[in-house]
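The same chain A turns up in both complexes below, where it pairs with chain B and then with chain C.
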Partner chain A sequence: MTNILSRAIMMSTPLLLGSIAEVYAERTGMMVTAIEGIFLLGAWGGFVGTYITGSLAAGILLAIVCGTLMAALYGFITIHMKQQQIVTGTAINILAGGFCSFFQRVLFGIPTTPLQIDVLEPISIPLLSSIPVLGPMFFQQNLLTYFAYLVIPVSYFVLFKTSLGLTIRSTGENPEAVDVAGLNVNRIRFLTVLVAGAMGGLAGSFYTLGYLGMFTTGIIGGRGWIAFAICFLGNWNPKGAVVGTFVFGLAEAVAIYIQSMSNINIFPNELVIALPYILTIVLTVARSNFNVPAKLGVPYSKEN
Partner chain B sequence: MAQPVVEIRHVSKYFAKVIANKDVSFTVHQGEVVALLGENGAGKSTIMKILYGLYGADEGEIRIRGEAVHIKSPKDAMSRGVAMIQQHFSLVPTHTVTENIILGNVHGRIAIKEYEEKVKAIAESYGFDVPVDAKVGDLAVGVQQKVEILKALYLNASILIMDEPTAVLTPQESEHLMGFIREFAAKGNCVIFITHKMKEVMEAADRIVIMRSGVVVGDVRKEDTDEAELARLMIGQELTAPVRTQAPERSEAPAVLELKGVSALGPEKTPVLQQVSFSVHAGEIFGIAGVSGNGQDEVCEVICGSRPVTEGEVVYRGEDITRQTIRQRIDGGIGYVPVDRYRDGMIMDMTLAENILLKSSYGGRWTSRGFISQKRLNDYTSQIIRDHQVKATGPSDLARSLSGGNQQKVVLAREIDVGQHLLIFNQPTRGLDMGAVDRIHHTILQEREKGKAVLLVSTELSEIFEMCDRIAIMYKGRIMGIYRNGELNTQEIGLMMAGVAAGKEGQ
Partner chain C sequence: MKRLKERYGEVLLFNIGAVVVGLILSACMLLFMKLNPIEVYSSAFLKIVTDKYTMGEVLVKSTPLVFTALAFAFTYKANLFNIGAQGQFYAGSIVAITLSLQLGAVLPTGLTILLVLVGSFLAGGIVGALIGFAKARFNANEFLVSMMSTYVVSAVMDYLLRTVLRETKGEYLQTDPIDAKAYLPSILPGTRVHLGTLLAILTAILVWVLLYKTPLGFRIRAVGSNATAAELAGIRSKRIYVIAFLISGGLAGMAGLTEINGVQHMLLQNFNSSIGSFGIGIAILANGHPLGILFASLLFGFMNIMGTTMGRMPGLNIPSSIIDLIEGIVMICVIISYFLRGYVHNRREKQRLRKAGAQK
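The block that comes next holds the complex of A and B.
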């Protein structure tokens, strides 16, 4: 049991980082629909950086850079060229898939055995990890998960208790108000998208660096979109994102657990794998009373 | 004479092909209230947005307190004491009053209580009753405007620009606002307010700058002028007010439209109409007055069929049409000019002919053997362009390429044709210049003479008084009373628009 919960928390890490990245961006009115591609590029960058240099730190750094660059492309097209966000995001996601498989082959050819790297080791926090049940659950995780813990309160504080947060939230609700207050709407949006890209890249790198230790083009498998959905479900609030994330992390951990138990055959394997995705649809439909940022997805331009 | 606070010198501004401002010059002195008077599109807002740094000027210079300044953004303007209240408030409805006021002017961690105290103190010093911790979206429009003013006061603005500040206010609220403007100016500040209402100008301004087609055509002291002269300067020609004869008692004429205790719900299941009852008779113009957003749009929608009725019935020519579809009502002869031309009235990227066809695309009128008969449609559209003096080159002009007034004439022509018995006009002259307003008023009166029943929703009391035979006042989805034109003065209507019930009940 503890094992499943501990796993659930681990699997929540990228979803949490990704959905909070999305919360930041969407609060300024930018749907980062390129999140799936940003995840993928982060995963790839993390793998490549680590494989070539042998250093996990280099991998993480490259993942962040890749995510940020992808977000910069997305932001440039949607904010400065004022293109439709969903279409742009979809295009970028396809681009990311092609980019990764192409350069994967350019760099490594077609290896006979999958290329492996060492994944991030769990770090036991002294004292805290020896608390029964909770200790192993929360405090025997890897570095990225600890970082995600930190992101939750910091994001909440930034969004709701600081002037930066007020600006971010106002930009998504009424960009005119922000403009009239003498702030640059498009710059705020672009910078926020970059931050979201950096966080998204880091989130993606979890799948290669913190979990699988190898890269395949299908590694993200829609989890970027799940992070996107969690942002909606969590009502554009880091607190909500935590709850949503844990539910999906749990679903994923359970799915992996059931798959690993070869003697349990009640559910078809495919259904188990589909569980987190089915849950997304069910919860999205069930969730009512949304608090959508009023100008979500709407480009800003001064009249004339 | 003392040095002027604001000097605008030979400022010009071009948008793509259009000249928005040409060689605009005027000055504002300390303690002065200047009205910037002009029709829509005269360039009043543009020149003020330049002063506030939202637009850059292409030519000319601006001096503030004698110093030539280059205002690149509202931040620059604010640092020189310039604040501007936009026509459409720039507030964040989901945030609190205080959050709105401090937006962009705080750094780091926000100690919200401290700021609330500060804002409260400023509000009290001007006698504003504003709940500092309430969500702006929950406040009445008049209070929201005070929030906007507080924003300026919070920044210690000494040059306050207001764009059409009274457009959304009741007459009493407007009076308060004018009082504030005088008080604020008396403290040694200056106020520039943009308006097209002559009455306000004569009430509050010291000096009046009149603009037309992007240029300043007059700069006069209030004592040296009168409304007639201002109107002439504004329009560039004399206007003849349409002559309306008060309709005789129409109660014996058949009721074309009758609403019986109609209620309807808005988003989030809040009641937007509550027990609305009235009737409109043939050959009469029935007006609905009120501050916008008090259920007028919804009344129009339940009549034309785009909003379901939860209670009560809508009777049209003796028949209950409450459950009829929109198309049945169109076929039955109900014409509807919606409030928002861009959203509900036209498709801007289609031609005039196609927009004319919109409401009668089915049926055989414009088709032969299943194909649109371009010739028939174009001939008809050309005739409309002639008859209604639409400034367009022909039926295949894109709707977008016309000015607002001309677009509205096309919508009006289409709806008059559809509405053989009943016409609903929801603020048909909103945002139009006086020439177009005049033309539309004449058309509406003509239709009345033909014996059609007309429902006219307007937020301009002058329009209500000028056009209507009977007047209903709406407040928060209810009818506050129904009166014959002439029974009420502005004061009484204003009170009812603010929700204060009248002592007497008309009808």
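The block that comes next holds the complex of A and C.
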């Protein structure tokens, strides 16, 4: 049981980072529909950086750089060129898939055995990790998970208690007012998307660096979209994102657990795999009172 | 009228320009593999155009893309996003294979095909209509729901492939082949081109007529351009959501017919796993126009075969996933070209106005 819960926390990490990144971007009016591609590039960047240099830090750094670059491309097209966000995101996701598998081949050829890297070790926090149940659940995790713990309060505080947060929220609700106040709407949006890209890249790197230790092009398999969905379901609030992430992390941990128990056949495997996606549909349908940022998905142009 | 023609010409010019730039950029990617892009591209190109079978393959690959692109374009006209064409295609495929396995050997070819056509349309259509219903009734975000529906449908497909639909040998996750009587007839000897290609062309024309020449099409486009205004004019936008999604899903489902009865003759796990997202790309390239989609699909089919051909070139080790890279780059270029076209257009209008002002 503790094992499943601790697994759930672990699997929540990338979803948490990704959905909070999405919350920030969407609060400024930008849906980052390229998030699936950003996750994938982060996973790839993390793997490549670590495999080539042998250092996990380099992997994490490269993942962040990759995510940021992808977000820059996305932001430039959607903000400065004012193109449709969903359409641009789809194009970028296809590009990311092709880019990763192509350059994986360019760099490594066709290896005879799958390339492996050592994953991030869990770090036990002294004292805290010896608390029964909660200790192993929360305090025997890897570095990225601890970073995610830190992100939760900080992201909430910045968004709701600082003037920066107020600016971010206003940009999505009433960009004209932000503009009149002398701030550059498009610059705020672009910078927020860049930050979201960096976080998304980091989130993606969790799948290679914190979990699997290898890279395949199917490694993300829609989890970027789940982070995207959590942002919606969590009502564009970091608090909601935390709850949503844990539910999905739990679903994923249970799925992994059931799959490993091959002798139990109560549920078909496929149902278990589809669980997070079914959950998203059910929750999307069940919750209709959303606090959608007023200008979500709408490009801003000054009238002149 | 003249200005309208000018604009069509402009659209064509910018689109072709974007595709060419995209192809050149993606060709440059081969430099990373220390290959000569011009050599590789031209020999792949020659191989395709000189070989009748491969030319036929371009049409074969384009056919399902027409359907998934029409599916995206159809809801796009109502300002809705159906990202789940992949899942609706799988739903259509499941019904197509079931009907063909059960009835293919018994019924005459024409009747089987007709039944499969209706069945696959309905299967995709029902999945689509459910999404539209969730949008209309619960105000659910159709983008998210349709996105997730693909994963659910493909899990259902995997389940069926592992259990009731599994081949009698029980070796791979695939079905038995269907009876040759249930095949879509081939229409070009020496190639795999089948009747489905004609069906795709016909469907695109029908969709164009439906969207631009019928009251329903008018309502759909009215809801798309301004839902509130349409509502005030007495159009019930919620009903339009369901209908648009039903037809959109049905169109994607029809690709199940062409792929099962025309090409694969069996259902395989994960087959044609990216026609949904390429459909979106094609619809963008064609700016959602049903007839433009025919040409854009042809281009994507061609790029697809180009990728496979390059992947098969001996000794070069080009991954066939280079298709995704090429298509991704081309799509980005096309999107950027939309921006450039708008920019050029605005500047020209401004100049015209300034001149007109100066003459006074």
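The rule is short, and it goes like this: the second predicted complex is superposed on the first by the 303 of 304 C-alpha atoms of A that agree within 3 Å, B and C clash if a C-alpha of one lies under 4 Å from a C-alpha of the other, contacts with A are read in each partner's own complex, and residues count from 1 in each chain.
Note that in this section contacts are C-beta pairs under 8 Å (C-beta built on N, C-alpha and C of every residue); 3 or more make two chains touch, one makes a residue touch a chain.
Keep in mind that this is a model prediction, so the values were computed, not measured.
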Which of chain B and chain C A:82 touches, first, second, both or neither: second
Which superposed partner A:105 touches (first chain B, second chain C, both, neither): second
Of chain B and chain C, the chain that contacts the larger number of chain A residues: C
Contacts of A:174 with chain B and chain C, given as first, second, both or neither: first
Touched partner set for A:116, first chain B, second chain C, both or neither: neither
Touching partner for A:277 - first (chain B), second (chain C), both, neither: second
Touching residues (chain side chain A, partner chain C) in the complex: 73, 77, 81-83, 86-88, 90-99, 101-103, 105-106, 109-110, 217, 222, 225, 228-229, 232, 268-271, 273-274, 277-278, 280-281, 284-286, 288
Residues of chain A touching chain B in the complex: 161-163, 166-167, 169-170, 173-174, 176-184, 291, 294, 302, 304
Residues of chain B that touch chain A when the two form their complex: 15-16, 20, 53-55, 73-78, 84, 86, 88, 90-95, 99-100, 102-110
In the complex with chain A, residue positions of chain C that touch it: 29, 32-33, 81, 83, 134, 138-141, 143-145, 147-149, 151-152, 155-156, 158-159, 162-163, 274, 277-278, 280-281, 284, 317-319, 321-329, 331-332, 335-336, 338-339
